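Presented below is the structure to which this report refers.
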Amino acid sequence: MVTFEIDGQQVQVEEGEPIIKGAEKLGIKIPTLCHCEWLEPYGACRVCTVEVVMGKRHRMVTACNYPAREGLRVLTQSERAVAARRMVLEMQLARCSTVPIIQELAREHGIEKSRFGEGTETCIMCGLCVRICSELVGAHALCFGQRGTERFISTPFQREGEEGPCIACGACVDVCPTGHIWMEDLSARKGQPQDFYLGPKSAIAIPTQQAVPKAPRIDPDACIYLQTRGCSICQQVCEPEAVDLSQHDEEFEIEVGQILTTTGFQLFDPRKMSQYGYGRLDNVLTSLEFEMMLNSTGPTGGKVLMKNGQVPRAIGILHCIGSRDENHHAYCSRVCCMYAMKFAHLVKDRSDAEVYQFYIDMEAYGKGYHEFYSRILAEDVNVIRGKAAEVTEQMWGDEAEGVLHIRCEDTLVGKFRDIPVDMVVLCCAIEPQSDLGNMAHILGLTRSPDGFLLERHPKLDPIGTNTDGIYIAGTCQGPKDIPDTVAQAQAAAARILALIAKGKVLIDPIKASIDAEHCSGCRMCNSLCPYQAITFDEEEEVSVVNDTLCKGCGTCVAACPSGAIRGAGFTDNQILAELEGILI
Amino acid sequence: MAVKRLHLMVCAGTGCVSNKSMEVKAALETEIEKHGLAAEVDVIPTGCNGFCGVGPILLVQPDGIFYQQLRPRDIPHLVEEHLLKGRPVQRHLYTPPGEKGTIPLMSDIPFFHAQVLIALRNRGMIDPEKIEDYIAREGYQAAAKALTTMSPQEVLDVVKASGLRGRGGGGFPTGIKWESTKRAPSENGTRWVICNADEGDPGAFMDRSIIEGDPHSVLEGMIIGAYAIGATRGFIYVRQEYPLALKRFMIALNQARESGLLGEDILGTGFSFDIEVHRGAGAFVCGESTALMASLEGNVGEPRAKYIHTVERGLWNMPSCLNNVETWANVPPIILHGAEWFTQLGTGDVSENPWGGSKGTKVFSLAGKINNTGLVEVPMGITLREIVFDIGGGIANGKRLKSVQTGGPSGGCLPEELLDLEVDFDTLTAAGSMMGSGGMLVMDEDDCMVDFARFYIDFLMAESCGKCTPCREGLRNMNMILQRICDGKGQEGDIELLEEISACMIDAALCALGTSAPNPVLSTIKYFREEYEEHIREGKCRAGVCKALITYKVDADKCSGCTLCARACPVNAITGETKKLHVIDPNVCDRCGACYDACTFDAIIRV
Amino acid sequence: MPVEVSEAQVHEIVERWQRSESFVIEMLQDVQHEARHLPRSALEQISREVGVPMTRLYHLATFFKAFSLEPRGEHMVQVCVGSACHVKGAPRLVHACERHLGIKSGETTADGKFSLEPVRCLGCCGLAAVLTIDDELHGHVTSANVERLLKRFQKQEKKAEVT
Amino acid sequence: MARLSVQSLNALRDQLQAERAGREGKCRATVIVHMGTCGISAGARQVMTALLGALEERGIADVAVSSSGCAGMCSREPMATVQRPGEAPVKYADLDEKKIVRVLDEHVIGGSIVKEYALAMGSERAG
């Protein structure tokens, strides 16, 4: 802390803090135009010029960035300080004679009219907008241009109608002291802009309209604070102080008896199949994005709209993106055909767009499913058997506008076709979560060759795993639709409840045991046990078998270098006797 | 290498090159070849000699004969007469203005005679692209001495004791700056040394000359500085308008690296240091230290408040020691010869107080209406009169001196009465001007002081970064007022208004560009107030410069009717037949002055 | 001489300066040298490859006098308007150049051959007034002899084109 | 160039300084060979070549060799003037390649005038 004096009053501030902090504490008003507590001091407007005295030395400094020093004397109303401030304001008034804040400040300093003319400029070059945009928001949409008296503020190249990196956060409008910057009402513009498009653009938003709880969340990849420690404006502006950016991930240990694994799936990334143009071409969507659009509480209110805000004239729905494909996933994702038909039905219901389905086989089994297929056929949905080969951007007839083209072989007709559409929906494969292997390792589960978790028995125990007490349900086990998932989950719940109700666990008699006398404490068995049933007792320095987890597989028995582990019912003599019996 | 009997030092400074000195060099080589003298005579391109007004320059050593204003066609005769027969060619020798006799020896020419060379110690004596030439003239001896026989603190102490002050303009004691940089806390011990070679002052070209003529002396200075401060990396920021300087730096850097004078383990002493060169891109404000550092970081050159000094937090927030070219070039001789040797020259006493005087020499660029334009290095404390009249040869064309402007756009105009001022950092500042980087512009009675103030304000208006209000708006308004005075529309009270704006800029502008910007205006008001008043009250420009206040006329006695003026006039305002008096129609004339420049009989007059 | 710069050239320039942020001014200078201006596409590429926001590049490109967003002429005529040249008649020299080339300061002739630019001190004050045509410096120029100088240059230029 | 150490820097400096002594205008003596038309026809060119050759052979760099026009006594050419700082110049006449080398060794380097070849003390004025 340093103690110093402003206009004869003593005040204390943290070391390194500017004079203006002390003035705020004392309630002494030092006018500023370019100062903002959320931004680094800039010292450009010079309205806060004050006189400081240190010993015999007098100096003119700006209060917004001059660090307070012990024993400093600050004079905010000295003759020199007032004269400098007056002249700065008079010159600002000459530049911006119509700006209220300048008029007001000038009047406070006894200036009614500038001797240098009456300019009609409204920007005072405080730079607050540029600084908040780059320092705090991190959008880098605004900048200065030129230098000297030619200096101006704009977006790069000053092109009208180009949003560029602007995220329309409004921070610049908020800080602008003169009203030089304002928000444009984009809804009035013909053709909705991309802002409504699928999902939030801001780092802090309520994920979906149906989110539970309905509270904003911060996207750590987009949050400037979490990326660079730069911003923290949400925390500063939140009045109930609900935002705490200092929070971070924490780990909790909870003891449980049984575990149900329901980690779900992830969607195949269609960028891997660049021929379909996802991420490169506008209006190529994944099935999940399209689902979001169709949602009546979604970003478009359930309307099917292209990026330019217009209603598409035709939509192509491509099945089997990443599934039934030797290059990616050989399996069928099981649900795509049905939801693709649902898409077609909803599009037909809500617009006049043509719909084209491109399929390999139509997998419409199950109760009422095939009937639905017949229904969409009756709704004049074009169903083309043949996997789409590529999506390109081309002209549509004589129109210069870029439109998507789907090239495919119609195997029923035996012809190549080239179908123009406005929008393409990719039915991407259901695939295991990318970190599922990691989780399987933690839980000691195994995975089938397709990467999903392996059940204990495909027919007799589709919810159990090789480890007692750990169950699986839903798409972490394999692709399945909602009814199947619900059925499996309920079965798992029943199993868990049954065990809880019983209160006891019955275990197989076949299990391994460790002779503590002979155990050398090498821990070799610990990592070998596929059920993680062996732990090391640090006090006794021997390995110990958890009887409830041990399945009696014998791996540890075979591996133990000191022969300290025995399988119950499988002593060496017993095994040798069995071998003899086989051989004789 | 065979010993040559004659060394022809051809000036290859920018000034002489533009006067075709390279063609002179080629002609010399052809002639020497023709006479079979190639084995005996060496032709060496050297850096700028400083006497740019009389270029191209040739110095014949060891005879010491100085030739000036040579043209390629003069060479065959010169080679035959001087190189073969040993007779210096009279008509190419230097003739002092207004005199008849020639001065054959360079050392006898007054322009060179009064100079004391420290920063320019190698000028005209070495080929700047050859490190060998530099080494032959004790080059890198100071670095070797510092690195092997002195501790960093000892080096620092010598520089401090020498009283060397920053040659870039501010006059801050170099030793103190080095010490602060050395002492400033740095987390990982990183410190930088930076060379400011962004010579932005119009009318100043000493840094250009040093780099182009002797780049190694700057590198050596930086090596010594880095050693004293504990820096491992150096930066040089060169103006982009100086392509030759950049090239010379790059050549010198490569040679120094190859010779183990830069890079790892310099001279086998274990000290490592290397230098990186950056190009400026055309901005006067980048001569300001914080703007220069911002530019080095790849940012726009906008200054920031220096309440925390750059020696503590400069480039990338690390302690940074920035000195200009001339300062660095002064360091090696100081280390080599000691602080006392340096303090023998100059004014004041720096043994107690580093601000107590100005020691050593200063390089000035003499330009304007003076006979001997060029670069001179003189001891501090020399009077303006000595510089202008003894070295500079007085005012050209028999006109009267009106003012000497020093310090570029940040300096001021001094009147004739102050000619006996002893030039050093403090006297110039006290007189309302400043040393600046050493530009010295001499003006005669044909120069209008109001117009000249307006010129500088106009310059600064375009070169200010525009960040802070006093500088941006102050210059805009000053320019507006000065313009209206020059246009004959000045009002009573304009002078006071200019002074009021100046006071605000001095007190409230962010950086030195802004706080010193009013100097040209204030100093001209102080010493030439009557000229302002004449403009405002009488609508008169006594120097005949301000367009709106003058008319061009033909002097009937002098006009020979050559029609040159009529042909030069872009608006056809001049009429007249061959060999008859010409007349300017004042209603058509747009006062461009083309006729004035074109007339060879002085028949066009400005009233 | 080209007024465009290819993506590969810009990439090469970025690599030459090790993609380093502190060398963006050098990169812009090299692009300016290649294309005689800073094409928007090149700025966008540098922004992408070096990771510097476009806002900064735009400010740099307009702040420094060495850069131009519009193509400059094939030949640069730079008239020094520094103080020493000012007192030796630089303003009249600029007017004479404007008249002869038929353009204003800072403009480029319609055929794209010449650009006229006043510059602040070329550091040859001993030779004032001076101007440069491309990199060649001419000293002691007056408004009377500048026309001849420019004409001679234009004639040489034509000859060079024919051969 | 190889990387330098402090010792090799000093050695290099000494060598380079010796080579460049003439450039500095520092020399222990000046030898002017008179090379007017008369002198050249009498063999002044050969005298000059011999002198330069001898200087190089001896590794001497700080002797300035210069030429001048006719000294006026065409009958006694080739002639040369030797001037040591602080001493009066000495003119030698009727020189040849061998004599000039002797003059170099005895007078220029050794400091004692070779009386047999000497014509006079003093010199004509240049120009």
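Labels A, B, C and D are assigned to the chains in the order they are written; within every chain, residues are numbered from 1.
Just so we're on the same page, a contact is a pair of C-beta atoms (placed from the backbone, for glycine too) under 8 Å apart; a residue touches a chain by one contact, two chains touch by 3 or more.
For clarity, every value in this text was computed on a predicted model and none was experimentally measured.
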item	value
Identifier of the chain whose CA centre is least distant from the whole-structure CA centre	C
Interchain centroid distance [CA atoms averaged], chain B/chain D, Å	41
Whole-Å gap separating chain A and chain D, where each centre is the average of the chain's CA atoms	88
Gap in Å, rounded to a whole number, between the CA centres of chain B and chain A	59
Whole-Å separation of chain centres (CA-atom averages), chain C against chain D	53
Residues of chain D touching at least two other chains	none
Shared-contact residues (touching 2 or more other chains) in chain C	56, 59, 63
Chain B: positions in contact with at least two other chains	283, 300, 462-463, 465
Pairs of chains found to touch, sorted by chain label	A-B, A-C, B-C, B-D
Residues on chain C engaged by chain A in the complex (per definition of touch)	40, 43, 53-59, 62-63, 69
Interfacial residue positions of chain B with respect to chain D in the complex	1-7, 9, 39-40, 42, 44, 61-64, 83-88, 90, 125, 131-133, 135-141, 144, 147-148, 255, 258-261, 267-269
Residues on chain C engaged by chain B in the complex (per definition of touch)	20-26, 28-29, 52, 56, 59-60, 63-67, 81-89, 92, 95-96, 99, 119-128, 130, 135-139, 142-144
Of chain A, residues touching chain B in the complex	41, 43-47, 49, 60-62, 65-67, 80-81, 83-85, 87-88, 91-92, 94-95, 115-117, 124-125, 127, 144, 146-151
Sites on chain D touched by chain B in the complex	1-6, 9-10, 12-13, 16-17, 19-20, 22-27, 30, 32, 34-36, 48, 52, 55-56, 60-61, 64-69, 126-127
